[in-house]
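Common to both upcoming complexes is chain A, partnered first by chain B, then by chain C.
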Partner chain A sequence: MTKRAFACVVVLITAASTPLTAHLSPLTLQDTTRGKAVYVKWCAGCHGDGGAGDGPSAAHMLPRPRNFTGAIYKIRSTASGQLPTDADLMRAIDEGLPGSAMPAWKGRLSDGERRDVAAYIKTFSSFFADTSQHVAALKFSSAPGGGTDPSALKEGRRFYEDSIHCNKCHGDEGRGDGPSAPTLKDDAGFPIYAADLHQNWRFRGGGTVEDIYRRLRTGLDGTPMPSFSDLIEQKFLTDEQLWRLAQYVRSLSPPGAPEVRDVIHAPQIAGTVPVSPDDSVWARVSRYWFPLVGQVIRKARWFAPAVSGVWVQAVYDSKTVALRVSWDDRTQSPDTAWLKFEQRILETVAADDSAPPLQAEPWPDQLAVQFPRHIPDGMERPYFLMGSETDPVYQWRWTSRPRKSVAGLARSIERFDTLPGALAGEASFDHGEWRLVFTRALATPDTANEVQLEPGRAIPMAFFAWDGSSGEHGSRMAVSTWYFLALDRPTPPGVFISPVLAMVVTLGLGLVVVRRAQRRGAARAGV
Partner chain B sequence: MSSPLRPAIRRYAEHPFWQAVGILLLAYIVVVGVVPILPGSAIVPKSVVLQYMITVLVGVLIYVSDNEERWRQFKEPIQAVLVEPRLKVVRAVVVAGVTALVGLVAYGQVKTTVAAPPNLRSIHPAPPAEITFRGKTITLTGLENPLRRYPDSLPSYLAEGKRVYYQNCLPCHGDHLDGQGHFAPGFNPLPANFQDNGTIAQLTESFVFWRVAKGGPGLPREGTPWNSAMPVWEDFLTEREIWSVILFLYEQTGWTPRTWEKSVSGEK
Partner chain C sequence: MRKLGATAATGTVLALALAAWTHQPPRPEQGGGTISGKVKFAGTKPAMPKIDMTEEPKCKAKYQGVPTEETVVVNPNGTLANVFVYVKSGLPASYTAPAPSGDVTLDQDGCRYHPHVLGILVGQKLAIKNSDGILHNIKAKGVKNRPFNISQPTNMVSERTFTAPEVMVPLECNVHGWMHAWLAVLPHPFSGVSGADGSFTLKGLPPGTYTIEAWHEKYGTQTASVTVAGSETKTADFSFAGK
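Now for the complex of A and B:
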């Protein structure tokens, strides 16, 4: 055997054996003793020492941390009712579960630690020890092309509403507001929201078309989300049609996860600003995403905010500014159909003052936009969380019932005093989305308390949202940090003079340099 | 395919002009792309990038003009672009490109955009000598974690600290104590990263006690108290719970607190 042939054989053997060992449940070779050490240090705080999903932080979380003793996993590549593959477990550990408190551990724990801990997690349930269970990933086809064509999306939409009735839970427009949504519980009896399909960056198993298709094939075990694989087996729909459904669901979210920018740029428009949230002007104005998180700073804290963020747009004319805030909310609160769901939330999410749990009440939805009373000259501004006694903030507050908008001063979370000045607010609710437009004069008489909105300045701004049907009221809310509103001055034509001048001078100089070099070159050649 | 290319590549690699271009490109990539990903650094501001690039350019010019032959070689391609009839198109593109670039830069300079004001913030402002904790005066200067005086009870204090952390600190400071909890993206400044060598590793436990007890609103002005989402924990936790959670922070990250006697930073 020549050296080269020998090398070839070695390469072939290595190439063939690598996928083979990867296929043979490699986690059984891992060290569960080391895995236990990693688990106790990094996982038990949420998942509990015994793996029952009952660590000290669990009562603050919705969704709750996974209970490993039942071996029921939402995000799998296996058929409904089956155990997950090792790769499924590793994916959850490595990438985390977006939209929940579970972080991505890749880069935080070493490869070995992550594999050891996955092996240890399997020891919490005897199901994994049962070798008669053959855990195998389903064979998935790949996505058919043309997934963003109108005809494909239309077909996906047909299955969404007619054949499979996704809209029963996920709602007609996919914001998790279907008629069955308020009845949903997981297998452990905890309330569970039907996913808002417009926020794919929060999908636990990932937001790509492939991820969505897999969830449709495997279902989310332990939740009301079923698997639709049997419909293909029964020839009720084809595999391609299920892909079309996945492509339709994907089309409901923006192409990429929204990027958070500090400054909302509001263009000046000719004529008057739109007062209606459904005015066609808004379709032409850039929108900005601001994430909201739970108010976990002052008593009573709130760890399960229902509104994950707001989209904001702004325009102004010579006298008035219009600010449009839109956000996903499953209900037009108060909604009696959601009272039981609200009660379950209040019983599930621990809070500072909730022993015994609060009684569900028909709270309204609310939204607040906050400014300082004056545009600051330096960096100092009022406390972002609704100001203080000594430095109050100026806020616009809207409630869904009674439907009204008021302006006022907040001196803390607890204290809000309305001001007499006029503030117009017009809201519409459409299939799980609130769209609200506030309009106010740029300049007002009460310059001591009401921010004067000057073009060309960075005006600090913050947002707060409450979903009444999730039990949110008072300090139980979603909050943001300070961002900025800029009423952009239109670019005056004079601005173009100096760049044009600079370009003319540069071009002239360039031509002179070329001409001189050529003349010199020609002279040299002549000599 | 590759063999006839190789001499050409070498010709470029050994030519002073293309060496200069390569060095400038490399410097730009390092300043803009590599420096920000180094631990403890941030994105380099545009004006600083410009300064770096000018410095590199001056260095390169000194190098190429240092030697007569090198200088002649360096000028060759420039001269060729200006003169050679066959490079007419290149010449036109260069002149037009430079003109357009100057126009863009000039427009960028005069155009007014509103940007967020710079947020200059002292990350570890000077602590007070003493604080009032729920009506009790605590002297911070020289103070060590009192729980460390009871080594036999440390396991129970650590268990308490762990419980306190997971029930209170986790949403912002995160499972890995790296300031990347699931609520962290909603706040600015971002929650402190305890794994980083610039936070608790640099601090005494009494400093950490002050920051935990008094939170964002207790910061001096240079710490931008109006932005910090850190709660005033004396409203939620007892003195012992705070010392316990501080023990847990150091235990879980492996840092040792800075001590008063020696004032040396912790080692991992």
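Now for the complex of A and C:
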């Protein structure tokens, strides 16, 4: 064998034996001194100078910022209990942790800065310096298995409810409302929500089926979510079956993360609008997603909103509009099974209006839809956060207990005055989801206070939601910005007929031209 | 007598072989001293919360009455059970623990852990058994040891080991919030748990002066200093008071 051939063989063998993870982590973590400077500037506010997850902002957050001193990380590619790989740390830094306060730092910090800060974060725990620690990414099949056909998903569902019992925490329909959910705590003793599996865009470690499968294999260390790897080793289930479970979980969320659009288009329907949230009409109407965020402008601020957004649909008939709002909420508040959980939330999420933690109370769930009193001609709208003394807003408000809907004027978060006009609201609660339909006449007598819903206009609209079992009431709520409702005018028949007519005429003329040309050609040939 | 002699001879041979194999001098603790005692309980016995097992009929069926939590278990003779007593310090620096013999088993039965408090050697296998056949997860929340959290949805046994001494590693099930157990990871075998009569025994101690610690999950720790020489037995009693 020539020297060159020998070298080739050596290279090939080396390449073949290099573990896959080496390719996944091209980085060598770098300078901890520079990393510290980045950390102090960008990370310490939440994670604390000593890395204990106790920075000045931490007390308002749920989930709390990571405590680096224990080196316990939720999102890893390694077995339960193992340290994360460098690539795992970089992923969290680069892409952030959706559904938490941790943003993506790629693009905000340079490649070097991000690597340096990852190296510095590792200095907070002696585990990273311990060379006896085994750190290796679990190896998975590269392509997702399981299949997405109905029978595969059905088997996934069977594992979900009968075999592995995911429903104990995540609930029968996956909205995080299982019987054990109100007892859950993380390792630090903070309350933790079982994930709502209908919102994969908020999964901390990503929402693809591969991400879900990886979480099932690794577990989320520091949380109640265990690893299922032992079950494969002990042949309780096969790898393919675990993939099916992952595919089933993936199938609970929409194909893509919901796109936020500014305008809700409401079609006009023949007959009368549905008043029930479970009417079959709603299955044929587009739904729009509006994200909600914590109310952090006025005291008492609320940084841990339980409702992450609302799905909205609207239709109208000649006289009435129907607006359907649905949102995920683990409880039909007030629910005594969740009172202790609520107390833990109030003790965890620091209040800015009272020093001692608040006492849990059986608050109801609430939802509010807000309009200006008049459709504005320009872009001027009332203050989005429940109006002002001089420019109040018109609101529809619904509470779960007592179950009722009222319309009124809000002049601030604190001041709401009910109006006498009728507002119908019908709600149903099903496995962690509220579905609520408001119906109201397009035109009402009180034109001074109640917005007149005119087709063809852009009607400003905003949303507010409260989950009573998470301690939300008053200013502790989730809010949206202004969006628009458009009652679409039915398209006049002419719009559809004109193009058809035009096509027929064009085709006819074309045929005439062709015919004449052919006739002329034939005549010439005959000569 | 002959049989005993033969056993002793075999034991000696084995011990010598082991000693030769590990290149360690023969262990002084063979034979060794004993520390035993009782853990008394004074004051008012707290009422333990009842456990509502309605969600788990299989577990509920294993009890005649309503099961209660096991945070404080006072024995009929007025002693305190589930106190972990161990040598906290005092072993010579040259001491090395014998290789662990056998596994330590933690059973999940009736949606409670058996035993509720247990000790294990560094490197010794913990066999975590699910006798209930319903979903449990077992989570170890060590600080010096890496944590883990594994799912056991059926009758099965999972094995794990621990790398560093730590008193205590809390163990819990998150499906059943009342399920707690406490695992002490030690570099030596000198430990015991007070039982149904409140007594404990630490055997085979090399001569020396030891700090003995008694640990209880609610009442904290107490220590005692005990000197043993030869194969004598010394007594160390502890007393915890209800508040």
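The criterion applied here is as follows: the second predicted complex is superposed on the first by the 458 of 527 C-alpha atoms of A that agree within 3 Å, B and C clash if a C-alpha of one lies under 4 Å from a C-alpha of the other, contacts with A are read in each partner's own complex, and residues count from 1 in each chain.
By definition in this document, a residue touches a chain if its C-beta (ideal position, glycine included) is under 8 Å from a C-beta of that chain, and two chains touch if they have at least 3 such contacts.
Please read all numbers here as calculations on a predicted model, not as lab measurements.
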Chain B versus chain C as contact partner of A:V263, first or second or both or neither: first
If we overlay the two complexes on their shared chain A, which of chain B and chain C does A:M90 touch? Say first, second, both or neither. neither
Is A:V479 contacted by the first partner chain B, the second partner chain C, both or neither? first
Tell me which partner A:I75 touches in the superposition: chain B (first), chain C (second), both or neither. neither
Considering only touches as defined above, state whether A:H60 meets chain B (first), chain C (second), both or neither. first
According to the contact criterion defined above, which of chain B and chain C contacts more residues of chain A? B
Let me test your reading of the model: by the given contact rule, A:I413 touches which partner, first (chain B), second (chain C), both or neither? neither
On chain A, positions contacted by chain B and by chain C: none
Chain A - residues contacting chain C, complex: 70, 72, 80-83, 127, 132-133, 163-165, 168-169, 179-180, 183-184, 187, 219-231, 234, 236
Any idea which chain B residues touch chain A in the complex? 79, 82-83, 91, 95, 98-100, 102-104, 106-107, 110-120, 162-163, 165-167, 170-172, 174-176, 178, 180-183, 185-188, 216-217, 221, 224-227, 229-231, 235-236, 252
The answer for chain A against chain B in the complex is residues 41-42, 45-46, 55-57, 60, 100-101, 103, 105, 108, 260, 262-263, 265, 291-294, 296-299, 303, 352, 379-385, 388, 391, 456-458, 479-484, 486, 488-489, 491, 495-496, 498-500, 502-503, 506-507, 510-511, 513-514, 517-518, 521
Enumerate the contact residues on chain C facing chain A in the complex. 55, 134-135, 137-141, 143, 146-154, 156, 158, 163, 174-177
